[in-house]
Structures are given as C-alpha cells and as structure tokens.
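Here chain A shows up in two complexes: once beside chain B, once beside chain C.
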Partner chain A sequence: MHTRPHYFRVLLTFLRNSLVRDMTFRANFLIDTISSMSWVFMNLGFYILVFRYTPTIGANTGWGKHEFFLFLATTLLINGVIRGLFLSNAIEFSEQIRTGTLDFALLKPIDTQFLVSLGRIEWSAIGPFACGVLLLVYSLFQVHYLPGPLQMVLYGFYLLCGVAIYYSLMIAMAATSVWLGRNKTLLDFWFYITNFSRYPMEIYTGTYGDPIRWVFTFLVPVLIAVNVPARLLVRPLSPQSREDWLLLPFAVAATLGSLIVSRWVFNRSLLSYRSASS
Partner chain B sequence: MATIEIERLAKSYHVYQKSEGLAASIRGLFRRQYREVQAVRGIDLQLEQGEFVAFLGPNGAGKTTTLKLLSGVIAPTSGTARVMGFVPWHRDNAYRRRFALVMGQKNQLWWDLPAQESFRLHQQIYRIEPDRFDRTRDELTGMLQVRQLLSQPVRELSLGERMKMELIAALLHSPEVLFLDEPTIGLDVIAQHNIQNFLRDYQQRRRVTILLTSHYMKDVVALCRRVVIIAWGRIIYDGSLEGIIDRYGGHKVVSFQLADGQIPSDLGRYGEMLPEKPPRAKLRVERSVVTDVLGRILANHAIKDVSVEDPPLEQVIAEMFNQADDLPKDKLAEVPELLSEE
Partner chain C sequence: MYARVATCWTILRISLEERLVYRGDFALGTLMRFLPIVTQMFLWMAVFDGAFGAGRGPGQQIAGYTCHSIIAYYLLTTVSRAFSSMPGLSSGIARDIRDGTVKKYLIQPIDMLTFLMLNRVAHKLVYYVVAIGPFALVFYLCRDFFPEHPGGLYPGWPDAATLAAYFASLLMAFLLGFLLEATLGMIGFWFLEVSSLLFVYMLFSFFFSGHMFPIDLLPGIWGELVRLIPLQYLAYFPAAVFLGKVTGPELTHGLLIQFGWVVFFLVAARTAFRRGVRRYSGFGG
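This part shows the complex of A and B:
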C-alpha cells in the first residue's frame, strides 16, 4: 500500500465533488455566475466612462485605455483563480477554527494546508475568469501587439506568483482566527487590502501615494501581484526603466517570502488550535 | 507493549472570564481576566491491543479532551502518550493512517453530496486500493444496512443514518485504533441498538482497539468489559464493569407483586421503598441481607412474581462519585442526571 497520498488525484476529486455539488444547486450556481459577471461588466463600464474623460492614467505612464484593460484582464484572471480555488476555503477554514470542525482535517494523513485550502472549489468563478481571457485577447488586438513566447511564459509565471501572494495573505489572515477567536471580517479586510492592487503602481505617488506604494510593495506585497505580470505585457510598448527590471526578481522573492511566512503562520495556528467544544 | 500508553497526561486552558452586562464587556476591552481550566489533570492509562474500553464521566470530565489528545487534534500541557508507538500530536501521516476518531456531535461528510462521494475522497486521501476500498465499503454498508442510501445526499438522511455513514467514512481505511466520542448521542433506541450491534460485530471481526465515551449506559453494558471513569480531569476507576457494581453498588433492587394485588403498608421493614407502579412494589435492600429479606417476604406473603436486580449503572456510578473524597461536592448533585439515559 502507498503511504503518500496522491495529491493530484485528491485535487481532481475536490474538483469533481465541487462540480457535483454546484450542479445539484444549479439555481444558486446561476445566480452566483450572474452576480460575479455583473460585477465584471460594471467595472468595465466604469473604466470605459473614465477613459471618456482622459486618454491615459497620468502623463507618460503608458497606461492608455487598452493598456489599462490589459491590466484589468490580469486582475480578473488572478481574482478568478483566487475566488475559484481559495476564497471560500479560507472563509470556511476560519469558521472551522471557530466551531472546532477543523478536527477532521487534522486527522487526515495528508498535508493539512493543502486539504484546508482546496477542499471546496467554486466553479462559478469560471465566468469572470473567462471574461478576463476575452478582455486580454481583445485588448492585445486593440494595441496591435503580439507577445513573444518568452513573454507569454513569463506572464503565466508571474500570474501564478500573483495568485501565490494573494493566497498567502488570505490563508495567513484566516489562520489568525485561532488567536482572535472570531474573524468574521476576513472577507471585508481582504477586499480593503486588495483594492489597492487593482490599479497601476504609477498612481501611488506623492506624499499620500508613496507610503501606500511602499507598504503594499515591500511589507504586504499585494501591489506587485497584478502589476508585475500586467507590466510584462504592457510596458514593452513604452520605455523601460531599471526599476521595472528589478521588479521581476523582487516579485519572485516576494512570492517565496509570502509563501514561507504564510506556511509558518498556518503551522503556528495549528499548534495553538483548541478544538472548540465536543 | 500496550497499544495505548498514557502517562501523567495533562491539558489546561486559559478561559476568558466575562462578567454579565455591558459595563463588564467594556471593562473587558481593556483588562481581561482569565481562568485556568484543567481539563485533564495528569492521567495514566494503558490499553492493550483488541480491548474495547468504555470511558465514562459527567460532562466536562475530560473525556473528549483525552480523545482529542490521543488523536493529535490538540497538544497536551504536560505528560506523554503513545498510540501504537506514535506520539499523537506529532501528527505523523503514518499514525494518521492507522486510527480514526468518530464524534457524534460533529460531522465530516459533505453535507450536500451523497455519502459515496465523501467515501471516494477518503479513498484518495488514504490511498486505498480500489479492490480493497470496494470490499470494505460493501462490507460496512452491508453490516449497517445502508447500501441503498449511498446515493442520497447526506442532508436528507436521518440522524441515525448519518451516524452510520460517519462510521463507515471513519472505518474505510481499516484503522487499528478507534476513538468513539458519543457515537449514539441523540439517536433513538432502535438506532442506538443497531450501532451497538455493529460496533460489537466489527470489533470481534477486526480485533481493533476501541476507546468509547458515551452517556448511555446501555452502550457500555452492551459493548465493554473494562470501564474507565474520569471525573474533573482525574481517573477515579479503572476496572471491570462488574467490579463497579460489586464495589459501589452496595444494594440490590427487589421487585415483586403479591398474589392478592395489594401492597402492605409495612413493606418498609424489609428495606427502603422505591417508587413503582402498583400492584408491583420495589425495595432497595442492602446486598448482605438480600437472601434474608427474600426469605421473610416469601414466608409472610403469597407472591405472584419476584425479581432481584442490580441497581442501574448510572446510580452506581453516582454512588462512586459520592464516595470519591477529593471531588468537588457541589458538582455531585449533577452526576445522576448527567449519567442518566435520556
């Protein structure tokens, strides 16, 4: 008998079981898809309106209308993966800590973080993700630009880095429920923080902007999650700076750092877990 | 080497003490008072392979905490424990593959999916070979008579059916050690009986080591020879079921019905009268004088029917708590109620 679980097969079973559940509650699935797609279209409409008043975000930043839509598409792709794979699991994890049902996850002969992070998958996130893909392709056509193979690979890689940074922050925040006892505001807090990362870094300048850029780049590196992959596609169209090149290795370091710190917080939280009630 | 070895195992918690009212809540924002609760106070226990042991005690006695420590869900404050040679709270996968914990008050199956989907997930997590998985699942569903319910969503099962599915989920990987925390809680008499029968058959077939907590004395009488009683974090009895009755059940219950259907007014001279529906009468009689009392009743009255029984186990255990000197007496009033059958 094999002693190590087959992680890929377990993940496939999670995907399958979640799909079976979603198909059972098809009305709920439909409403979920419609509401998340509406959010995407409202956002898109809002930025179309904004670009009626200005051709670019800031002078000489390179973020014209379609360049920004490439950025928006990148946000949609990362958020789609986060929402589909991790968001409801992180909320559930926080709730399991509060109610003591995390017991069962701790009994299983498999990595607890893996089990907790991917147990329930939201298929309805496919809608916004697909919108992201369409918007990406459409915007690339609009700017008459075809990325080279290396650029595509790097874009994919930094998308994954962005997902990993977001995920790390989310799971670490959920794990703090062990010490806080109650962490119902996880979703709100998550929205507040990631709100900053939905715009190009260039807008954070001046006495108010600089500290925000600094904090969300070096301390809680959410700003680079979307910015780095998006810039890989967009910035080759405009002059490169030395800073841009430095962002690439920094994003990898920030991703590794985030994963390590969140793993540490997660493991610490399991040690302090009290298993509420019987 | 014993399968389960526990030495001076202790677990305490800091619990926030909140006084009543808004003012106290506001004070609590700035300054909090914590109380240390000693859930388990240094217990020693050994279980041999294949034993089926009942772990009894009132609510808050430390039963569930002990099971959680042995399952590695929580870590102790001090002391040691080894189960099949593993330290549970190290959470080795090799250990987690070899035991199971079933909790009557918490469920692990996917609520919205049929149980068979959760079973498949267990198959992947524990990496059970397909043939073995099918065989074990069929054996368990057959024994518990739930095969036709496998494709029904868990939320549409009755409590008893759900408990059976929880048991199956816990046993699919053929654990060698099983911790059962009130597996029959809230179940009706028939469902309780079914689960008891299943546990007895399963244990006899597989010779697994089982530690069972339950408030239902019928579970204990039906399943376990050895009983461990814990109260306020300490073990106060460890021995046979009969041993408790011999040691603490200092009396027997004599019930009878006279041929003429009357209940004489002077029955009190034989022993303490217990409430009973006429025309039957029930007496609490000191164990040492039972034969004598029976002789006198038979000599003085025409008897239609008579029986002599041990007192109910919950009463005996309540008596045990009364005799345990170092236990907080203010808690004793709760004991018979806590141990009684609902």
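This part shows the complex of A and C:
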C-alpha cells in the first residue's frame, strides 16, 4: 500500500514536538529568546547612532531613519522565519551527512528535503520576529505614510520570496557537505553572504560597488530578498521607477530559480551520499 | 629552570603542529572574514554621502573621522581582533571544569594558565603565518584609505615611535584578551553553565570594544562609560593609536591603563583559579 503523507499534518507535528521540547527546558528557552533579542537591540542601537550623524543612508536614496527601520524590520522578519524554521535544521543536516545518520531520514516515507529542512523548529526565534513586527508598526507610524492594502499583500508575498531565497541558499550550502566531507563554516559562510543584504542595495555603487550589486542580484540573489519587500513598503506604488517595476517580476523569477537550483543541488548531494559508518 | 623552558617549548611545538593540520580551511576563513568589512565600507560611504552629499573632501568629518579614515579604522580593528580574540577559550575552560578535564592540571606539574597561554601563542603564531597573505593583500588594495601622517615612515604609516606604541598595544591586547576570557571561564567553578553569560560578554565586546563602530561615535555619558571599561583596549585603542588619534601624554596614559588592566586580570585569573580549585571536587577518572 502506498499512501502520500499528509505534509501539513506532519509539519504541525514538528511544530508541536519542538514546542514540547523547548518547554521542557523552559529556562534555556527563555535565555535563548532574550539573548537573541538583545542582539537585535544592540543592532538597533548602532543604527540609531549612525542616524545621529546623517539624515539618510546614501544621497537622495530616500532611506531616512524610519525608512531604514522599516528595512531593518523586514530583515528581522525574514531572519526570524529562517532562524526559527531552517537554520538549526541546515546545520543538523550537514552534521547528519558527516556522521551518516542521514540514513534514517532517507528511509522515512516522506520527501527527504522536507523532513531534513523542518524536523526541528526553534520557537525562540519568536523573540526577534516579534521585535521585527514591533519595529515595523512603530516605524510605519513615524514615516507618516500608510501603505495601501495591495502594497501590504505584495509585501507579505515578497517577504515569503525573501525567505525562499535565503532558505535555498542555506540548504544548497548545507548539501555541499557531501562533497566537502565537512562543512563547519556553513554558518559563517551563510552569514557572510547574507550580510550583503543587510543594507539597501543603493549603497553598492561605484567601481567596486556595481559589480557587487550585480553579483548579489543576479548570480546569488540575496540582495533581492530584503530589498524588494522593503522598497514596496517604503515607497508609494504609483510613481515608481522603471527599475522598481522590473524588480518585482525579477524577484519572483529569482525565487523560483533559487528554489529549483537548490532542489537540484540537494538531490545531487543525496546521490553522492555514502553512509559514513557500518 | 631548564626543565621548565623545555616543557614550555614542547607544549608550544605540539600546539603548532596541531594547528597546522587545517591550514587550507584557515587561509580561506581568513579571507572570508574581510567580507563583513566590505559591507561596512559601503555603508559608511553611503552614510557620508547622506550627510554631506556625494563627492568627498577632507573637511567632511563624522566624530573626527573622514570617510577614508573610518574605513582604515575598520581594517585596523581586524588586526586588533587578530591579536585579542580568543575563540572558545572561556567556553573551553568552563567545559573542562564541568567534565572534570581540569583534574589534569591539578595532578600534572603544569600550570593551567601557562599551558593555555602557550597553546594560544602557538595558535596565534600559526594564524599570523597563514593570515599574513590575505591581510597583506587586503591592506595593499585598500592602501589609499590610510591617512597621511606627518613624519610617517611611509605613506599611510605612522612614525617609528607611534608604530612601536602600536605594537606594544597589540601585544597587550593579546594578553588582555587572553586573561579576560580566562577569568570569565573560571566562573565555571561557581556556576556549571556559563554559556549565556559568555554570550552576553560576546555581545558587549562586539559593540563596545570598537569592533562594530569606533567608540568616538558614542555621545555623552555613553562614550565616557565605554572608555572606563577595558573592552576598548581589545580593538579600538590599537587602531586609534595607528591612526594617530591618541598622541603624546594621552598615548602614554592609555598604554599604562592598558597595562594596568592586564595586571588586574592576571591577578583576577590567578585568584579565581586558586579559589575555584578549592571548591572543586573531582570524582572517578
């Protein structure tokens, strides 16, 4: 008998099991949440400091203090989802490849990428995510400009695209452990690459900036992930530049492309996987 | 005496060899560590553009930094951190205390602090040998960011006396980083789980050592508070010395305070170890 597993129900089970696990070590959960939030506050402090010295980031870019905070909030939301759902799973995945415990995942009657990507959910990521929501609401009140309903829907949609792009990059990098034997620096590398998307893409200009912007837009589309939703939120829909309009379909294409490539890399890595122990 | 030197030499040699096993991974890691600096460069260029409009002049300064000198500052903090950062030192000590490995220092005729120190010296030496290539490359590419110094040895370099002070502050940054983290690790004698405490320390050190931004940017009371704590000597102070921000009596004063903190944490680490061992109880083995 061959039945298709009910993916949504499995996901709910993962969510519940992880919550039970987290609540077993409640103090640890609390400390995790607080420490990840303190990281957010420290960063916020840094940007407040920066905006003491300048009204905008870049000349005539429109990224004033609260516009940038909307950008930052977008980063927090995307990172919160990534951290909560995928980060520890990706690290665990490259460890499973190294130690050979991936065998157990391969035997389960469910899509391996699904199982490997979502098996363990970090509820403590709710802390920074909530910070993102609060910062978003606060900054929206400060910019004296309310985005319309269409904008909010598009914002939500492109937020998900951003998550998908980040996720694709991460899972593809974790999968390379198969060929490298060990991928200890996965987290560092992922951090270093997504680091480029922490600021508005306008800052990458000039002789060196333009190639950087090009690479991280078209080759590894991490700049798209945060910039597209953040721009949608900050600027009114109607007088948008041609470039802004072109970014919208491009972001969808980039998301699909990233997902397809990462799926391919993942499957290829499984083909090369040789269990480690006897 | 001779036996002691021989022991130290052996420890150093073993640590050196152990470290050289992963040299490829190491060189790549070093080069990658400059990537966040690239984003910082562009961020600060954009900040200066936002503050003064495009086109940069020497008169455009933020907290005493021009657009170029702030980038030079970030590059120099990577050198400071190459001396002062001690990845895994505190957590390693705390783990040794928890799982009982610390017993070996109580039984064998080796002093734990000396052993760990030699271990770190070896790690750092290997690190510099491997990292000098990437560092030289990046600094050469970025040479135009370094400001002219009156009477400098070379364009972008300070004069000999400042350079000597710079190396002294780097050396003390290494000692301070080591002793500070060792002292933190010894807290493991009193509390079994110190990882969240270490996270808080990491956070503070990242922001208030000058690694994230030059601490001159901090306004009013914040700036004064941060100057009171020893963290600035781990990243900010050496970089500021090189850039000629600290000169004359202020420089001597700064070096003396840095030395004072080194002595303070040497005493603190020794005391913590002695008291901690008295509390410690090891079983089995």
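Rule of thumb we're sticking to: the second predicted complex is superposed on the first by the 273 of 278 C-alpha atoms of A that agree within 3 Å, B and C clash if a C-alpha of one lies under 4 Å from a C-alpha of the other, contacts with A are read in each partner's own complex, and residues count from 1 in each chain.
We take it that a contact is a pair of C-beta atoms (placed from the backbone, for glycine too) under 8 Å apart; a residue touches a chain by one contact, two chains touch by 3 or more.
Nothing here was measured: the structure is a model prediction, and the numbers come from that model.
**Q** Evaluate whether chain B and chain C can sit on chain A together after superposition, giving fit or clash.
**A** With chain A aligned, chain B clears chain C, so fit.
**Q** Once chain A of both complexes is superposed, is A:His144 in touch with chain B (first), chain C (second), both, or neither?
**A** Once the two structures are laid over each other on A, A:His144 reaches no partner at all.
**Q** Once both structures sit on top of one another, what is the angle chain B-chain A-chain C taken between CA centres, to the nearest 10 degrees?
**A** The angle comes out at 90 degrees.
**Q** Quick one: classify A:Gly209 as touching chain B (first), chain C (second), both or neither.
**A** Only chain C is touched by A:Gly209; chain B is not.
**Q** Would you sort A:Arg274 into first (chain B), second (chain C), both or neither based on which partner it touches?
**A** Only chain B; A:Arg274 stays clear of chain C.
**Q** Figure out whether A:Arg52 sits in contact with chain B (first) or chain C (second), or with both, or with neither.
**A** In the superposition, A:Arg52 contacts chain C only.
**Q** Given the touch rule stated above, what does A:Ser38 touch, chain B (first), chain C (second), both, or neither?
**A** second
**Q** How far apart, in whole Å, are the nearest Cα atoms of chain B and chain C in the superposition?
**A** So the smallest C-alpha gap separating chain B from chain C comes to 6 Å.
**Q** Output the chain A positions appearing in both contact lists, the one against chain B and the one against chain C.
**A** none
**Q** Can you name the residues of chain B that touch chain A in the complex?
**A** 13, 64, 68, 71-75, 91, 93-94, 96-97, 100-101, 103, 105-106, 108, 110, 112-113, 117-118, 120-121, 124-129, 153, 181-182
**Q** Flag every residue of chain A that touches chain C in the complex, lowest number first.
**A** Within the complex, chain A contacts chain C at residues 31, 35, 38-39, 42, 45-46, 49-50, 52-59, 61, 63, 184-185, 188-189, 192-193, 195-196, 198-200, 202-204, 206, 209, 212.
**Q** Could you please specify the touching residues of chain A with respect to chain B in the complex?
**A** By the definition above, chain A touches chain B via 1-6, 9-10, 13-14, 17, 20-21, 24-25, 100-101, 103-104, 106-110, 112, 115, 271, 273-275, 277-278.
**Q** Name, in rising order, each residue of chain C that touches chain A in their complex.
**A** 25, 29, 32, 35-36, 38-39, 42-43, 45-51, 53-54, 62-63, 196, 199-200, 203, 206-207, 212-213, 217-219
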